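Shared between the two complexes below is chain A, which has chain B as its partner in the first and chain C in the second.
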Partner chain A sequence: MKYTGIVFLLLSLLLCGNSMAQSSGKRTNLYRNMLEDGNIKKTYWQAQNNQNELQTAFSGLFLFYKTFFSSQDLTVCTFTPSCSEYGILAIKSHGMIKGGLMTMDRLTRCNGLSPQNYEFDKKLMLLKDDPTREPLVPVVASYK
Partner chain B sequence: MKKGLLIFLGILSLSLKVIAQENLYNETNTRKFGEYLLESGQYNFAVKEFERLNFLNPSDSNAKLNLMKSYRLSGNWEDGIRRSNEIFEDLNLIPRPHSIEYSKLLLTGRDWPRAQHYWETNKTLPSPDKALLNTTAEIFNSDFQKALEYVSLVNDSTNYLAEGYRSIIDRGLNGKRKSPFLAGFMSTAIPGLGKAYTGNWKDGLVSLIFTGGMAFQAYRKFNQFGANNYRPWIYTAIGTGFYLGNIYGSVKSAKVKNRKRINILQHEASDLFNAYY
Partner chain C sequence: MKRVIFLMLITSLSAFSQGIEESFLFANSLYENQQYQNAVETYKRVLFFDSDDIYGPQSYKKMADCLYETGEFAEASYYYDLAYFTHSGTEQADITLQKISCHLLLREYNLAQVELFNLPDSLKENQTEQKVFYEAMLAFATEDFEMAEELFKDIAPDTLAVHELFRENDKINKLSPKKAKILSIILPGLGQFYAGDVKNGLNSLLLTGGLLYLGAASAVKTSILDASISVLPWFQRYYSGGYNKAEAIAEAKIKERRFKVFNELLDEVEN
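Moving on to the complex of A and B:
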């Protein structure tokens, strides 16, 4: 008799739980699919608009790295653009030799020990280091 | 009779109301609204209003000035230069404020040869203005020697822009520079030393560890597997890349150090220029 009461109580609680879950279904739907399921296809503009075979080859290497290696890791680079993006941009804008040297140098600078040397991107919370842009001081004010 | 009079009065009052309505797009309102947009920082909209004003009254000199200013402040300095060439018959004969505004457009575009050619041929700008604008262009072109030649043409000792520029040029010419060649040479001898010379000793240390680590690994693998195995060559290739990258990085570090020093002076020059003009 005692066990029958306990089973009855548990079943009642289960039914109550189910009905409550159904009534709050709208709210739970709001929080579904909040996390990425891993099937989001990313596009990299850095690998587009290749001008020659060399750029195409390096863009292929870049995409291979981004797809199979970088995607398995968190954002660990201290810079924006990241080291791999810097590499492909440097090669595209400065050629293979200078771009390659710039990339090797960047890899050694990617240590986060000298943040005072770079501008800070407040949105991404990363240090700015773009191989295609040299910071210039504006001559004329943009407010007067 | 009464009915007819009432209808007549009704039509008359309606007609008067229509006549009395204000045209929002007339010249006065357009000018007021354009000035409001310019003052409130809505430069793209201000361009449209002043374009309309210029269309309504092409002889309005102030509208043209505000139009040029709106183009510059909205970031469309290229369009500003193009439109200035269109709305003025001869840019060399436009009044001084307009010449200064056109000069600002050219300076924003950093087109130094074009700007300097304009100041040479301009007939309305006084000589001190021409000298100061040329000095500004040379300071931002990082040619302090030429800037000194131009600023020496201004003899007025009360001109605070000229005095400020003299101080900036003096520091630009006599300040301490880092030699990119020496930095590259030092990093060739010992990886990372060139970066330490330019003040980035932490990056230099990382360069030394990377290059040294790869060299050590290559040495180990050569001893372990010999030269006919691929392993030591992988480390050698990566290590050589780091070594060459470290030399390039040291030269760049020295150049960046020098550029930053000049950029500080250029910021100061920009402040003075914008306070003066």
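Moving on to the complex of A and C:
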């Protein structure tokens, strides 16, 4: 009887402690992300979900460039997505030959001299040029 | 015949439609059962049809609570504002405290401070405790660490642990983003090492060092003009990028360490 009483007392104390912790925990846990966590690591969705070996290889090159070169650079590209992101997206959506040509074309256009040909992203303050979408104005002149 | 069918349809619709009072009672029952998302939708329906503003004063507080529980803090703050004028006494203080919480969670520190000034001098014991907790978090977020330390010591059971955490916090102040930038201007990568980011420090050092070597080798093999034209723009790009990144990395490190201390302080309050 004595032992049963002790066990019952211990159990009730444990339960009481848990409920107290939960009630106070709810109050503080809500504010855990009140301050910025200072995480500046970027993840690149463009290099994910590769369909074949070619895409995997180019995604590897893209990540190598982003990790060791682009990470040391300022934001100098005038477009969104940036030239390297455009390159991997173009290769993934149009194949190596057409995507490669599109990337080279894009690199020659990355100078901000013809902003009238593109939509403007007000949030990022950059010109929009996505290889998976039709451009607003044909970027290469078509002569008839 | 068409008219008869039409009339039947209309009468049947009106017979089964939910009145505004039923909607209000239903919303209240959802609120009581903690089905906050559904309660919000139902309260919105009540307020939309409540042209005489009969149910509004009774709904604002509950609706704000539901929005708060579902994480919609900006909208919750708006409805707490409306609820404030339909309540009085200690309920008003409760509503103001909830509004302060919303502003803190939205990182609107100035607005939280304004609401803290709006609180009356005489509060219940639990309200005072809550007020001190919010003041402590606000002081920490606005970097008034002296005040934050005093307030956290008031609410945490282990004041020694709080004291230790604030001494750790003092060390964070020694890390200067400006110093990191200057160090990286002197030697690329040095600012990153100073901020504790060895990987980026080595990366910057090797990249700019490699470009410097390439420029020098090119100048010896061809001419200084050729080397300047071909390598200098690249060197300038990664050199200036490096010292600006050093500053950004130091700022991020300060935020990261501050975030860690803040969470440890919350652990102390929770204990």
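Keep this in mind: the second predicted complex is superposed on the first by the 94 of 144 C-alpha atoms of A that agree within 3 Å, B and C clash if a C-alpha of one lies under 4 Å from a C-alpha of the other, contacts with A are read in each partner's own complex, and residues count from 1 in each chain.
The working rule: contacts are C-beta pairs under 8 Å (C-beta built on N, C-alpha and C of every residue); 3 or more make two chains touch, one makes a residue touch a chain.
A quick note: this is a predicted structure, and the numbers were derived from the prediction, not measured.
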### Query
Can A:135 be said to touch chain B (first), chain C (second), both, or neither?
first
### Task
Please indicate which partner A:103 is in contact with in the superposed arrangement: first for chain B, second for chain C, both, or neither.
first
### Task
Considering only the touch criterion stated at the top, classify A:113 as touching first (chain B), second (chain C), both, or neither.
first
### Message
According to the stated criteria, A:76 is in contact with first (chain B), second (chain C), both, or neither; which is it?
### Response
second
### Task
Report the residues of chain A in contact with chain B in the complex, numbered from low to high.
98, 100-109, 111, 113-114, 117, 135-144
## Note on the structure
Residue set of chain B touching chain A in the complex reads 41, 72-73, 75, 104, 107-108, 110, 136, 140, 200, 202-203, 206-207, 210, 241-242, 244-246, 248-249, 252, 256, 263, 266-267, 270, 273-274
### Query
In the complex of these two chains, what residues of chain C are touching chain A?
101, 104-105, 107, 133, 137, 140-141, 200, 203-204, 207, 237-238, 240-242, 244-245, 248-249, 251-259, 262-263, 266-267, 269-270
### Query
Quick one: in the complex, what on chain A touches chain C?
21, 24-25, 27-32, 34-40, 68-69, 71-74, 76
